[in-house]
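The same subunit A turns up in both complexes below, where it pairs with subunit B and then with subunit C.
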Partner chain A sequence: MRAVDIFIQQILNGLSIASVITLIAIGVTLIFGLTGIINFAHGEFLMIGGIVTWLAVSAGLGFPLAVVLAILAVGLMGYILERGLFRFTLERPTNGFIVSLGLIVVLQHVVVLFWNPNQKSIPRPLTTVWEVGGVRIASVRVMVIAITIAVVALSFRMITASRYGRALRASVEDRDTAALMGIPVRRYITGVFVLGSALAGLGGALLIALFPITPFTGGTMVMKGFAVALIGGLGNIYGAVAAGLILGIVEGFSAGYGFSQWTDAYSFALMILVLIVRPHGLFGGTSGPRMAS
Partner chain B sequence: MKTVLKMGASAALCLGALAHPAFAEDNIVKIGVVAAESGSFVSAGHTLPAGVGLAVKQINDAGGIKVGGKTYRLEMVKRDDRTDIATAIAATQELVRDVKVQAIFGSETHDFTLAMAKITQPAKIIHFAGNSTLAKILTPDSVKPGGEDHYLFQSEPQEFQRSGSTARGVLTLLEPLLGYKPKKSVMIVGNDATGQFLSSYYYKALKAEGQDVPDIIFYPPDTTDFSPFLTRAKSLNPDIIHFWYNGDSTLTALPQALELGAAKSYFLFGVDPGIWKEKQLSADVPVAMSCVPVCWGESSNPKAKAYFDAYFAAGAPHGVTSSVSLLYHDYVHFLAEAWEKAGSFDPDKTVEALLTLHHQGVVSDDLTFNPTHQVTHATEVCAAAPGGAISCSMQQPPAEAPKS
Partner chain C sequence: MNLLAVSDVVTGYGPTIVNRGVSLTLGEGEIVTILGPNGAGKSTLLKAIAGLIRPRSGSISFDGTEVTGLAADVMARRGVVLVPEGRKIFVDMTVEENLRLGAYARRDDAAVETDFATMLAFFPILATKRRDKGGSLSGGQQQMLAIARGLMTRPRVLLLDEPSLGLSPLLVKEIKAIILGIGERFGASVLLVEQNAGLALSVASRGYLMQNGRIVVSGAIAELRDMSLMRELYLGGVTGATV
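Here is the complex of A and B:
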């Protein structure tokens, strides 16, 4: 295999890593950046999305329908948890953070209780592998990249160009004034939380299409999601996408050419560096919303 | 009121009798288990209580153990270490100080066991662990009476033995399937204490078998996307990629390796053929698998099928490395036999008995501990041909570690 083929293969590898990380990062950046809720259980939302997909596919449903179910189920879970837990912590984000840490353990153990701790996997929804020169391109990875691009474009448009997005951004700037202008801030917070959760559900469905998952898969993914959200700038979808790409390529290249065992360390070192040099992220973002009084 | 009190007292007595119908409280011997029943090491961890629990049930169903003229029933008290060393230490302290177990099994995570031994050994608790890393501390000095690890036993062969038999088995089984003698191997290994320890021995074992090993690629624990690591391995054009550790990661990596066409054949450490069949895995190139120590799903060991039938019938999950349970199951029976032989639960007499017994287990008809409290037995290696046929063979360990 030629060196140039290896190089191109590593770029493609990086792109598919970036896709799932970007999906989780968008959820994190929206929820953390726009509502102030620090939900470290977001990785478990992703895991639940994967489990729902696995259950649906195991029950004989097709992958597309399973994806829809995962999005709906995790979105509904997000709604229930925001209404039932996180809304009581909005004025004390540290409490919300602690609640989310507890949720990690609870959600993992609920899954272990009902479906055991072993790996879950589904048959590849797409099995074709194209060979171009010496480079192998798996169609399932192309599918994941394409879905991510579509979802990112949709989310970006919704936040930047829609009436809902404008109101949301106004709420981030100044919640009190936004409320005085008639924007139902609390309802918008719920909406963002549900949207971010649904994206995690989609991420989980796409993740299990690529790799087996376990009840403990969420932990690593959420750390990377937070790293990407912070590198890109909180609340900045464009930043999350760019940072996701940077992180994916850094991971791919460090595993391929550097000290492979340090792959995660490179990513988090980059995050630390960015936070020191540019506290609002590479592409600028909110520093988290001011809390409602 | 008196009637109510009498009824309450009667009910309490009845409930107490139901809890232990045949044995009084002082006729129960508690055996502790510390294992990862959650967290990243769960696939190996959950085999431990399952294996110990099955042995405890078998012993109790057969009437318990007779020690010093009395019959005792065994009771397993298990604790989940959540793949967290601090939790493992706390659980061990609780089992030793509060629960007052007579013996402890675990943990399956190598470095955890070393920490646990710091609690079990001063307390004179018989401690079994299927960790080859124990070789670091099991020395003639440390295991002698009064030594700091006198009550510690390693129920997995020494790593040069396991690595040596595995490497030889993999190369022997893959050669006819490849149609030529493989020359170049690349290892892909999880970068934690266990992975680093195990891979250092396996690397030497491969070299001793004449393999060119240009790279050992370490990946961070919890990796799910192996494509960058596999692409790196592919660039070295290997005959075999050896996924040396651990089973869950290996099963995640293999489909990606097949998709990338990373090598001409593969070896999966710690993956039972049973899971290969159950998940209906297949490959267009030969794939070797090794079990720790006897395979579930396809085995040349005549006792294996009956054991795994009983193991799963008792409710054990169908895990990637279900065979790891045998590093513990046999030693509960071994320990029970030692207590009966010693005629006492005295830890010193028990150690003496353990060192002189020849136990007939599932893994081997002649399980014994050497003077440094370590077992020696064969390791089973299997290979799946393209198309699915699986063949297995027991590989005897080398007599000594390779020089280098």
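Here is the complex of A and C:
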């Protein structure tokens, strides 16, 4: 195999994992932007999306239906957790962060309790491997990247073009002033929790299509998702997507050139480097909501 | 009947009491001003009326209905809208997006388009800067945008907090003309908080003087202007009384 073929293949691999991480990062960055809450349990939301997919596929459902179920289930979970827990922490986002730390333990162990701590996997939903001029391309990876691009494009369209997106951006920029325009900011906060959770559910479904997962998969994934959100600038959804792309290329590149044992370190090295040079991230973030003065 | 009636309202942050039992009224079509030195509690009172903070006690009624403690977005939809101190423009959004946000809660799309065109005609500078980011505007332009954005909600009561803050005398004159036009062109009553007494006295028909969180004097503008107490307390200060 020529070096360039390996390179392309590795970039593709990097991008498919980065897709899942980007889906987490969007949720992390949106929730932080609107509420100031850093939800570290977002990785567990992703893991539960994977578990739901595994349960559905094991029960004989097709993968597409399993994905939809994962999105709905985790979206619903996000709704319940926001209404039941996080909304009481809106005045002090640090409390929301602490709640999320507790949720990590609870969610992991609920899954262990019912479905044991072992690895879970599903048969690959797409098994075709294309050979294009010596490059072997696994169709399942292309599927993951394509779905992510479609979802991200749709989210961008909603955020830039619709009145709801405009109101969401206004609420991220200044919650109080948004309320003065008649925007029901609290409902947007619930909406963002549901949307962010649904994206994590999708991410979990896509992840288990690529790799086996365990009830503890969420930890590393959310750390990377958080790193990507920070690199792009917390609160900046465009930044999160761009940083996810950068991370995918960097990880793929490093794996292709023989430093694969360091793959997990790159996102964090990149994060540290970016934060030293540009403390608000590459594309500029918010510092969380302005509190009522 | 009064469009807006504030009675015995007490506000505060944490252990600090700001307003200590404030009562005032605003009639349909009126322009009323609250004057007073820095820290008197004028802005806090406006925030309480707009629903950004909850009064500790007392009551606020609008159009004959009790509205005490309603959230800001509910108040805005009912027609009581605050143009906050410091403009609070959405800096990352264009002038057009800022204006359209003002119409967020409205469903009368055709009327929104008419109002949008009216704003661009009434504030020509906004038409020129339509596609520019709010953050790129000058202080005066941002103030125009903030007022126009507030008017896009179709308010029945517009609460203006220090619209002249940091503006040149020329721009203050422009703001004055705009405030005087709000009533007839947009059918809104105005409650104006100002430190620039000259501006406030020249547009309002009635006024309240607030000090240490209390209304100390109230009356028609002509009476206020002549009041020696007013002069001692307030006009003797630095703010330019000429507009």
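What we mean here is this: the second predicted complex is superposed on the first by the 287 of 293 C-alpha atoms of A that agree within 3 Å, B and C clash if a C-alpha of one lies under 4 Å from a C-alpha of the other, contacts with A are read in each partner's own complex, and residues count from 1 in each chain.
Following the convention adopted for this analysis, a contact is a pair of C-beta atoms (placed from the backbone, for glycine too) under 8 Å apart; a residue touches a chain by one contact, two chains touch by 3 or more.
Keep in mind that this is a model prediction, so the values were computed, not measured.
Shared-chain residue A:T263: touches subunit B; no touch with subunit C. In the superposition on chain A, A:G14 contacts subunit B only, with no contact to subunit C. In the superposition on chain A, contact is made by A:V185 with subunit C only, not with subunit B.
Which of subunit B and subunit C touches more residues of subunit A: that partner is B. When both complexes are overlaid on chain A, the residue A:I6 reaches subunit B alone and has no touch with subunit C. With both structures placed on the common chain, the touch criterion links A:T177 to subunit C but leaves subunit B unconnected.
By the touch criterion defined above, A:R163 reaches subunit C but does not reach subunit B.
The residues of subunit A shared by its contacts with subunit B and with subunit C come to none at all.
Contact residues of subunit C toward subunit A in the complex are 50-53, 71-73, 76-77, 81-82, 84, 88, 90-93, 97, 100-102, 104-105, 149-150, 153. Of all residues in subunit A, those touching subunit C in their complex are 163, 166-167, 169-170, 173-174, 176-186, 292. Across the complex, subunit B meets subunit A through its residues 37-40, 42-43, 46, 191, 217-220, 222-225, 227-229, 231-232, 234-235, 237, 248, 251-252, 255-256, 259-261, 279, 317-320.
The touching residues of subunit A, counted against subunit B in their complex, run 1, 3, 6, 9-10, 13-14, 16-17, 108-109, 112, 116-119, 121, 124, 129, 136, 138, 207, 210-217, 219-220, 251-257, 260-264.
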